[in-house]
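Look for subunit A in each of the two complexes below; its partner is subunit B in the first and subunit C in the second.
Right after this comes the complex of A and B.
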């Protein structure tokens, strides 16, 4: 379990979070989304301990030990690693810092990464897989993944997600990920959190969210529920509504369509720009 | 981590050893153009001392160079290392190589190892490490160290002048060492505190947003020392000229 309590953070004068609260239970796969610049990556960095909050606290489960960083894996969008080191040296450094006696390099071998290569010579995809391999070696309890998996090719993305699924099936791993593209991860996400102006605007289990957000195709806007966003065409409009329930069905004059996660989040984010 | 830092410190040493190229250049220059008949040992000694001075500044100024260049601050800070451990891992190999260079200087160039002689080198190393955060590049680091070293030099001089004027120092040798120590600490302590406070709260925000300890502690102290030097400079100068 991880609990963010009254967390405050700002970049200079720019306030990002003020008294922000969030709780993620152990073993949950949680997706954080929102418009660009809302603080998604900042939130992950605060949890990872690479940004220091101005106020509030982050409470980790006792399972994480005295220094939570020992059991915390964090892949950020900038893929921070010592790029001038060779792969072998980076592994050695990682093993010495985390006090590891063994390093399973099967993932590296899958992706044609040579031990003698410098990290800066690796492609973004290879770097991501290499970083993932480093993280897997520490057997993390909490895994933070920033918007990186969509900048890598389809093959490496599959390897990355397969590893993640394998890990989730083996242990009660808590995953918090930030994403703007949800097609690949829809089947593993359990909870969706939408950030808006430094606050949690939507916090729903994915199945609940799927029943509550619908697309209505009609000529006129529905009276209820609220419209998140809309797309206008010459003869009709598409209205994305939330929170929808069965009682609205009879009042809506139009076709009601289920949405996938990508469409749901797009509807919410579209509403932010409207 | 220590191994990586030893590797980093050794790389800096190899870069500094390039200064030794000045030896054959000076010999050729003398033989072909100026005919001063410089002796090899004289050139070697001067260049070797310069190399040690350059290393002491360069190794300090580049203490977080790999993190800055590789954008690896995030990786470093996400690792389970205390800030104190990070500092020890970074300073220990660099100061060890500096110590070896000083021993080499004593063996090959007749450099006398004494606190008075070694202190300025340690001062240069530490001050360049302490200001490395606020300097955007290594060249700026060298300029910054040069400015602080001038302040250090005049602080020693003016403190010696005050001590002699008021007959505080009975023994010149001990007095000189004491004044060097006082000048070193006067400058190192505020910069050291600012450095440590910055390290302690360091995160991946832009460095310019994390320089508050320098603005609140180091710079006001430096400013106060400069005011002190300005106040006593005329008295010191007239005493120095009549000596």
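Right after this comes the complex of A and C.
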């Protein structure tokens, strides 16, 4: 669906990406994570066309047509959409930009947004849902979601995720989402990409990742596999290891514990702060 | 063929388990079938509804239903959905395997506590009364 080829981008002197490569196949739900400032949001904005790369190219599949932006939905906290307009005007403008003959506003009506309200007067949650409604109306092939899920209340979050699941049920939608929190989305995500220093440090299918990252509880550090990070207690430590496989089991003297996605990503990132 | 109304049951997904989500759901549905809760020609929840209910990627449900169909536990009617298929021999075989697995688990746990096989038999007989 999308191919990032030798992409380069800098903010002034700060090099964010240099010869960055990534391919996301059609219909995949991909999570991009990493420490703050590593370039996750920048990557989405490059894909969305909000930022222009200094080098390299972004190649979309034929499904995206001649103007990929018309088939792309991008939702982000930073992007302020039609702020000074009223809801009704924003919808009108949106419909003309995307050549829509009708607009299904059931999502907006569900969240008590008034057509006479100004966009800037809406709460963060309402703005997000409004934005989502606009995106749904264009029936995107590619959906980019930038870290907004956790800045909205739990109920609207549920609505957002249910809409996402409905969309995924209807058609082959490619989703690239940036998130720092995973408990809601853990079972929606198929592939986990961890960025580190402008490169892909980890790129695994989620089920595979769960079998490869384990917590070992023992007094002494296990010899193998490699230790990502550890937490020390008075009489023992917890060692987060990767890549674990069954063959390591016999040689490890300690308890081996399964982890959820939050613990796994924390283990990788914890190593960076050590 | 009009299926009976869907029977709903709760599937709890263990987030931490290294057992993939699709495997957990598959086992839960299989269990419902072999225990007799789901009967022949009962209709399963649609892909979309199952995904929404469990809050998971619809592709996962597609995988579950596909595998269950291949393994012969369910069949699909295009446009109508997925239905339970009752293969008595297969069900007996699954029941037997589950019985052995649970028994094996039970025995190893009780042995870890320090009890013997005789202790177990005695306790089981007591419980049977």
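A few remarks follow.
Keep this in mind: the second predicted complex is superposed on the first by the 273 of 274 C-alpha atoms of A that agree within 3 Å, B and C clash if a C-alpha of one lies under 4 Å from a C-alpha of the other, contacts with A are read in each partner's own complex, and residues count from 1 in each chain.
The rule is simple: contacts are C-beta pairs under 8 Å (C-beta built on N, C-alpha and C of every residue); 3 or more make two chains touch, one makes a residue touch a chain.
Computed from a predicted structure; not experimentally measured.
In this overlay on subunit A, subunit B fits alongside subunit C without clashing. In the superposition on chain A, contact of A:258 is made with subunit C only, not with subunit B. Legend: residue contacts after superposition of the two complexes on their common chain; A:93 is shown touching subunit B, with no touch to subunit C. Within the superposed three-chain model, A:102 lies out of touch with both subunit B and subunit C [touch as defined at top]. In the superposition on chain A, no contact is made by A:247 with either subunit B or subunit C.
Once the two complexes are laid over each other on the shared chain, residue contacts for A:29 go to subunit C alone; subunit B is not touched. Nowhere in the superposition do the C-alpha atoms of subunit B and subunit C come closer than 27 Å. Of all residues in subunit A, those touching subunit C in their complex are 27, 29, 161-162, 165-166, 168-170, 183-184, 186-190, 207, 210-211, 258-261, 263.
The residues of subunit C lying in touch with subunit A in their complex are 13, 15-18, 20-21, 47-48, 51-52, 54-60. Within the complex formed with subunit A, the residues of subunit B that make contact are 1-4, 7, 66, 69-75, 77-81, 201, 203-206, 209. Put simply, subunit A touches subunit B in their complex at residues 11-12, 45, 48-52, 67, 69-70, 72, 74, 76, 78, 80-85, 89, 92-93, 96-98, 120.
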